[in-house]
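What follows is a set of structures for review.
Here come two complexes built around subunit A, the first alongside subunit B, the second alongside subunit C.
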Partner chain A sequence: MTWGVRGLMVRFGEHLALAGVSLDAPAGRVTGVVGGDGAGKTTLLRCLVGAVAPGWGEVRRPESRRIGYLSSTSGTYPDLSVEENLAFAATAYGVPPVEARARAAEYLERTGLASARDRLTGHLSGGMRQKLGVIRAMVHRPELLVLDEPTTGIDPVSRADLWWLIARAAAEGAAVVLATAYLDEAERASWLLALDEGHALAEGTPDEIAAAVPGTIRTSTERPSGDASRRSWRRGARWRTWTPGAAGSVAPQADVVRPDLHDAVTVAALARELAVTAAGGGAA
Partner chain B sequence: MWAMIVKEFRQLRRDRRTLAMMIVLPILMLVVFGYAASFDVMTIPVRVMGPAAERLAAALPAPFEVEEVDAAAGREQAEMALRDGEVPVVFLTSASGATVLLDGSQLFIATSTKGALSTLAGRAPAGLTVDVEVLFNPDLETSAIMVPGLAAMILLFVGTVITSLGVVRERQAGTLEQLAVMPLRPTDVFLGKIAPYFVVAAVDMVVVIVAGTWLFDVPFRGSVSILAIGALLFLFVTLGIGVLISSVSENQGQAIQLALMTLLPQVMLSGLIFPLSSMPAGVRWIGYVLPLTYFVEIARGVMLRGAPITALWQSYAYLAIIGAVVFGLATLRFRRSLAPARARRHRAPEPELEGSAP
Partner chain C sequence: MTALAETVGVLRRFGPLVAVDDVHLRVDGGEVVGLLGANGAGKTTLIRILLGLLPPTDGLVRLFGLEPSRETRRRIGYVPQGLGLYDDLTPDENLAFAHAVFGGERGTLPQAIRPLAGVLVGRLSLGVQRRVAFAQALAHRPELLVLDEPTSGVDPLARARLWETIRETADDGAGVLVTTHHMDEAEECDRLVVMADGRVVADGTVAEIVGDTRVAVVRTDEWERAFAALETAGMSAALVGRTLRVPRVAPAAVEGALGDVPARVDEAAATLEERFLELTLSGGRGGAAA
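Right, the complex of A and B next:
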């Protein structure tokens, strides 16, 4: 089964949050939605789970009891213990208690939360709360698992635990859609949609997106001057500059780099910005 | 400190509702409560019964205001009229004089009646005796009328103030959206949220009434089940008000302010402290749309006077009507809180203005 959205448009007042965005989320696949702040990731996810009614477009989602959702907060109750939070979710989703307890015990054990099962959620660290939030969202084995920036502000160990949970949900057959602002992490998704100011920039596997970068990217120690400075960005201690053109149109040279996902999404955003400027600056 | 002051002013300026409440509310309360805060009983409605009823009714001066004269009625009818709360004072005449029967559950009217009678005593014709008999609260003790009122206030407090924090807390914690996408109907969430408060308030109510009757010797003359029905109705109203406040508030501060805004008028204008009959008509009508007014009537009627449900049916009916309105509004508003956020409708997809991404 494939869930997703087609031609989604969402406008809050004068602000266009999503402009005709489409995304497929087939069962068993981890689909990532990447983009910077205000790109429209959260709005897309909220439309997908039914928390926002779009102004236009089609949303395909299972019935609410088959959806698992982690909002941008952990969605857990600080004055309930870890176990009580999970019990509430399991009961609300109609999971038989024995089954819910067994599943919760396994997830808690695997993510290092077993010893904290009786602690109040408000006393947990941010990473622990976030892991609990993901477990809560998947305790009923949803067909569609939607996670809004589950790994933001989380240490690498907890992040690995979270990815174990995400992979587990996909392996159990869930269509997983997750938003993230971290491109290194997005590479772990099987399929990506890059957003910028509500517009789809690129879509495909991380490798496909990286391979589709048009023109060339050069690296330098100094930021280029003149017009090229508008097409340059810092990567670590060096600068990268994009020169538009057809993909693979320049022969390999010492300063030409093979673009990765980070470069690809940056170039896509730059290309859109230049196109908007050329069209008269009237971004939709 | 300057930075702190500026920050607080900026926050306050943006919280328009709080600012409006801080400015408008004190003025409004001063005017309304200023008129309401009066223990002076200007008129005393009375019923005159017995063989000499016509003659006495014609001779009764102010502040007594004769509502009905019934020469055929006797002691039994007089007590029944007082018990059912039809009138607070009955003059029961006989050949040798008159007995004034007072409803002790209406403390201020009873006290004022006694005062008015003492000034009249000197002017009574020789040989005519006037006896005064206070029923239901013979010693005119304040605790007797306050304990049923306090029970009502506790229900009001638990039902409104505590419940008003429920939904807004979810909103502030970010869990409301989570609830909105869960397979729960708004009524499930609504009833689930108020059920614990309902139980706690009901237990509170029992404890207060038992402790009140035991510690202060307050009588309980009526039927427990009749009071329980009234308490349930009243509790539903207060819980509904709590949820309504919670669903229209943006933060816990606003919820508390709104809850207090509904509490204060009820305490001041319900007849709990100041008698309704002492209030000018322009203020009194507010009391008649407040649920506490009717529950105080029920609690005092059942506990002190042993009034049957037939005598209090109007209070039950008004409570039920207020409850239906409040619960209806609360459910609608709560449904809206859990409904998906509405984006602006588009007529048709707008064209992309810029070139396609690589």
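Right, the complex of A and C next:
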């Protein structure tokens, strides 16, 4: 089964939060939505789970009891213990208690939370609370699991545990949709949608997105001068400069780099920024 | 050359807990050093010792060749993760306020965000807010800049712009110490220091730290079955796209664990994150993988 959205348009007052965005979320796949603050990731996810009604567009989702959702503000009760939080979610979703307990025990054990099962959730570290939030969202084996920036602010060890849970949910057949601000993390999704100010910047597998960069990217030790400086950015100790044009139109040269996902998303954002500036829109 | 910041055999106890244990760290002018570690690894304690906010139980701390003091703190710029800006003031007003309180030179905004100088900070995107916080921290021309997850939450282009500022600061001779949980940021640094359980467990460039660490890579049309088979065998597989990456296990052993699941198993160089987890988890819980 493929869930998802098509041609989604959402307006909050004067602000256009999503401008015709589409996304497929097939069963068993981890689908990533990547973008910075204000890109529209949360609005897209909230439309997908039915928490926001789009002004225009189509949403395909399972019935609400077959959805698992972790909002960016964490969906756990601080004054319940870890175990009570999971028991409450299991009851609310109608999971038989024996089954719920067995599944919860396995997930808690595997993610290093077993020794914290009696602790109040409000007393957990951010990483532990976030892991619990994901477990709570998947304890009823949802068909669609939607996670809004589950790893933001989390250290790499907890992040590894979270990714184990995500893989586990997908392996069990859930369609997983995950928002992140980080490209190194987005690279782990099977399929990716990059958003910028409510617009789709790029979509496809991370490799497809990287291969589809138009024009050429060159690397240099100094920032280029003149017009090219507006198309350049810093990557490590060196500069990269993008020249628009057809992909692969230049013969291989030492200073031409093969773009990765970082380059691709940066170029897409640059192209949009330059187009907006050329059209007389606001900068920055 | 005198190091801008240096710790020699620094140790810090909190009761029975050793938070920082025999740490040698050095930041020179012109370099960007990344400090990596899981929660509880001792990063925050070390930074507080370096800033002179916390005395070490043992060992030597030097800032600009001197003992940490109010005087040395004046020569440091610090941007916390929470940025320390007033949401209900504009960037201009924030800079004016900081100038009035701390003295020194008044901060200036980068050209690209000057049109936004009169907009309330709370209404600006996070990327622009971070650039304002940088401008504020750089106003007194610090010789050492300490940044906590400096580009968290911003898009790649905004991140590149922030790194331009960080790099310019280092190119002008300042030393920069960046703490981060994200490999995107870590890979921008000249050199990394990895901490685990209060100790420095690795120090060097990304290439030096990753070294020749390898992982087994499983390519299969049935990753779900492969994932389950590896779990049963007690191997932690990390899902990346539709491939599985298994650290610390030889490909032959992975093939054995896969049984009748049709798959191709190769070896590949580990990523920084995989190497980081190996360094952090060795001797620890060992349950998690990348």
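Simple rule for what comes next: the second predicted complex is superposed on the first by the 279 of 284 C-alpha atoms of A that agree within 3 Å, B and C clash if a C-alpha of one lies under 4 Å from a C-alpha of the other, contacts with A are read in each partner's own complex, and residues count from 1 in each chain.
Everything that follows uses one rule, which is that a contact is a pair of C-beta atoms (placed from the backbone, for glycine too) under 8 Å apart; a residue touches a chain by one contact, two chains touch by 3 or more.
Nothing here was measured: the structure is a model prediction, and the numbers come from that model.
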Sharing subunit A, do subunit B and subunit C clash or fit in the superposition?
-> fit
Thinking of the overlay built on chain A, is A:Ile154 touched by subunit B (first), by subunit C (second), by both, or by neither?
-> second
For the combined three-chain view, what is the angle at the C-alpha centre of subunit A formed with the C-alpha centres of subunit B and subunit C, to the nearest 10°?
-> 100
Pick one for A:Gly13: touches subunit B only (first), subunit C only (second), both, or neither.
-> first
May I ask you to decide whether A:Ala275 touches subunit B, subunit C, both, or neither, giving the answer as first, second, both or neither?
-> first
So, A:Arg188: does it touch subunit B (first), subunit C (second), both, or neither?
-> second
Between subunit B (first) and subunit C (second), which does A:Tyr69 come into contact with in this model arrangement: first, second, both, or neither?
-> first
For A:Tyr107, select first, second, both or neither according to whether it touches subunit B, subunit C, the two together, or no partner.
-> neither
Scan A:Trp3 for contacts with subunit B and subunit C and give back first, second, both or neither.
-> neither
Check the superposed model and tell me the shortest C-alpha distance between subunit B and subunit C, rounded to whole Å.
-> 7
Go through subunit A and flag every residue that touches subunit B in one model and subunit C in the other.
-> 282-284
Of subunit C, residues touching subunit A in the complex | 36-39, 112-113, 115-116, 125-128, 152-158, 160-161, 163-164, 167, 181-184, 187-188, 190, 223-224, 227-228, 236-242, 273, 276-277, 280-281, 285, 287-290
In the complex, go through subunit B and note every residue touching subunit A.
-> 173-175, 177-178, 180-184, 340-346, 348-350, 352-355, 357-358
If you look only at subunit A, which of its residues touch subunit C in the complex?
-> 28, 30, 35-39, 110-112, 125-127, 152-161, 163-164, 166-168, 170-173, 181-184, 187-190, 196, 205-206, 233-237, 262, 265-266, 269-270, 273, 282-284
Show which residues of subunit A lie in contact with subunit B when the two form their complex.
-> 7, 9-13, 17, 19-20, 46, 49-57, 63-65, 67, 69, 71-78, 89, 92-94, 194, 199-202, 212-214, 247, 267-268, 271-272, 275-276, 278-279, 282-284
